[in-house]
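Please go over the structures that come below.
One chain, chain A, appears in both complexes that follow, with chain B as partner in the first and chain C in the second.
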Partner chain A sequence: MSATTAGGEVVVRNAQGLHLRPATEFAKLAMATGCRVQVRTDAGDANGASVLELAMLGITQGVTLRITAEGPSAGDAVRRLIQLVESGFVV
Partner chain B sequence: MGDPDGGRMEVHPGIAVSPGYAIGPVAVLREDGVRVPHRTVPAKAVPAELAKVEKAFEAALEEMNELARSAGAGTEVQSILSTHQMLLEDPALRASIEQRLREGKLGAETAVAEALDAISLRFENLPDPYFQQRAADVRDVRRRLLRPLTGVRGGSKSGGDPAVIAVRELSPSATASLDRAATLGFLTDVGGPTSHTAIIARSLGIPAVVGLGDVVSRIEEGAIVVVDGNRGEVVLNPDESSLARYRALAEKHAAWMKLLSKLRELPAETRDGHSIRLMGNIERPDEVDGVLRAGGDGIGLFRTEFLWVPGKPPPDEDEHFRAYVGAAKKLGGKPLTIRTFDFGADKATPDPGAEREPNPALGLRSIRWCLERPQVFLPQIRAILRAATHGSVRCLFPMISGVGELRRAREFVDRARVQLRAEGVAVPDHVPVGVMVEIPSAAVLCDLLVDEVDFLSIGSNDLIQYALAVDRVNARVASLYEPAHPALLRLIRNVVTVAGERNVPVSLCGEMAGDRLYTVLLVGMGFRDLSISARAIPEIKQAIRSITVEQARHAADWCAGARSAEETRGRIREAMAELLRD
Partner chain C sequence: MTLGLLASHLPRARVFTGLPALGKEDLLRELIHRTGDTGAFGDCDATTVLRAVLKRERVGSTGIGRGVGIPHCKTPSVPGPVVAYGRAAEAIDFGATDGEPVHSLFLVVSRPEDADMHVALLKAISKAVRDDYYARILRNTADADLLHDLFRDLDGIK
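Let's turn to the complex of A and B:
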């Protein structure tokens, strides 16, 4: 499988936003995809596999995340991450 | 312990957050915001400093693993630790330390301190209070990493003599690293009933009083103190008579705890081998721990009103869901009975648009109010269905007066299920639905209701109020509020009998179930499920273990012949005296 780049946007729906626990779920999934995942908001950029960087963006409900992934099956990785955010971080 | 050279006795009121009594010398913890001097190193020393950082991470992680093991799975301590563990393992944290160290030629401790200070500063500057508070977690991790690097001992009292810990504010990791065996109690200047300190003290079973104001700075190390976790008081330098009084109270409390722990292991079973399911009534998810500790078999009544904070908008589906899943997970497979919103009358509605009613107990309250507000009710039902995939969740509707209202409430369940399935969300095929029997009409019509529900729960508090037309909080008529009233007993008996014939489980929740005077009567009428406060579980369990179902049936039949509440109570007492003689 060749390395690809993909991107997508999603709005955080759950009331708490990206608190540490949701951020952990996000980072775990980002890590599991095997892709380099980057998250961008109006507040700045974060490595999608870093709970700390995600948390430091202070993402609350209603914030739009622009997710990019680089690596094997990047499109699939972005789709799964968006799904996780849309589900309200239920795993 | 009564130190003749001790200072004058002082009594300080605070907030009782964890019950019990602690008497002993105090150990004052100073908050250890370790100051780190700026140290640079020659370029060739960088690899050695990096190795030190690596070692500090290893030591911190190892320490954390050990603490997590001793805390036990699923505890609050463990959840705080897992947050810190996650921060320690974060790739961005290491990268930031390494970059500072390489580029600035910094000593290991300087690089660690500066990197973590920058991170906690960023959290402090975020607008959202939740994220601001994460700065405290970062500072905690900083302390942990600096401890092996600077040789500074942390805030733990491990290995010392047993002492009462006094500290302005207990940081999560200081709480976690305290040596349980050497910690008699806690007293803190700040904090409230839901602070981390409170939750952890309760989960460790250590007496604690918080929110004392400004007391800690005035305590001398080694002074004798009493922490009264029942009343919420701290006594500094108690005199001889106070000491004697508190020692007696402590002894009584210890004896009670011993009985409790003995009973916890034993089943709630009558002498002739019938088991009674003793469940707990709770108002918040973290109270599940107390119910399990007391030996409860699940939750028979989870009041959900706490979720709607007055002045705030109603909780959304996720807030409901998190609370329910949190409780369900703690319970393993034991039942979690979630009662939908029961606002109105004594439980003031947080709805700012609510109209004043001349007679709120008979007004638009509870399920009636919910049925008119799908935007509030439906998210709750959806969350209950979603949570049902994580445990043995049951949905309980309050204040149902008859079949029509039940069907309208059930429509919400059907609607929520269809919606969720259409959204691709997993929902179990069957989520048990039950109703509270607390309006006399429901008790009379229970033969119709049982055809359309999976279980019944008698709410004795409201049933008494409505059957006898007595407002129990009105002191002028409170004496007429009578659980032993023959009319009430007939209503209850009808419900248990009908439900028993149709094999529909019926429980009783309400103060009557937690009063051991009525245990014989209730078991004799046929109850096999009771739901009571965690505190009452050991006592009721003991009552159950001292009778047989046969004896209880005789007693209940005999009481059924009583013509007044006084007569009923007299007969119960006589029956109990006879049982004790056997």
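Let's turn to the complex of A and C:
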């Protein structure tokens, strides 16, 4: 399967923001997709598979995440990551 | 000098080094009880905080890598966000994401309504851990005064 690139946006809705547990869930899923995932906010960029880098963005409720994925099934990876954020990080 | 977010929540009295611990729970108990002894938790007793922190750890380790953990919990009983630093006498297995033993813990206890502050404190600590220079100092320094100076410096990291 050839590598593809895909992107999408999602707003963090849960009241607690992207604290450590949601950041961990996001990073785990990003790793599981097999894609290179980047997350961009107005505060900067982060490797989507790094809990540390995601925590560094200080993402609170209402922040828009711009997610890009590069790799096999990138579109599916972005869709699943957006779903995770929209679900309030319920896995 | 105006203190930054982390420094203003982490007074010298809550920087502990040489914490004896045989394992993860031991280390958390030691750090939380010493923090409680400073009066930081107000009317909330340390055992309640320990129970909440252990419950959170069961969901998943807060060992974020590079030998650092950020155990935390939310409880309405504390007077405001409480941060404490504890350094283990010897690094211990903490179930961290990168599998590395943990030498340093940043305890963060906040009220449920302080969610944004909680995330801001996590951000400040994560930045320090991500920075190679500060991560190296954290790994190699066991002197509480030096560490406290470091925390005052950390807020300047971009």
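Side notes on the structure shown:
In this section, the second predicted complex is superposed on the first by the 91 of 91 C-alpha atoms of A that agree within 3 Å, B and C clash if a C-alpha of one lies under 4 Å from a C-alpha of the other, contacts with A are read in each partner's own complex, and residues count from 1 in each chain.
Definition applied: contacts are C-beta pairs under 8 Å (C-beta built on N, C-alpha and C of every residue); 3 or more make two chains touch, one makes a residue touch a chain.
This is a predicted model, so every value here is computed, not measured.
By the touch criterion defined above, A:16 reaches both chain B and chain C. In the superposition on chain A, contact is made by A:60 with both chain B and chain C. By the document's definition of touching, both partners, chain B and chain C, reach A:24. Contacts of A:47 after superposition on the shared chain: chain B is touched, whereas chain C is not.
Annotation: chain A residues 15-17, 19-20, 24, 51-53, 55-56, 58, 60 touch chain B in one complex and chain C in the other.
Across the interface of their complex, chain B is touched by residues 13-17, 19-20, 24, 47, 49-53, 55-56, 58, 60, 88, 90 of chain A.
Taken in their complex, chain A has these residues touching chain C: 15-21, 24, 27, 51-53, 55-61.
Residue ranges on chain B touching chain A, taken from their complex, read 83, 86-87, 90-93, 119, 122-123, 126-128, 130-131, 134, 137, 315-319, 321, 386.
Residue ranges on chain C touching chain A, taken from their complex, read 56, 59-60, 62, 64-66, 70, 72, 97, 115-116, 118-120, 122-123, 125-127, 129-130.
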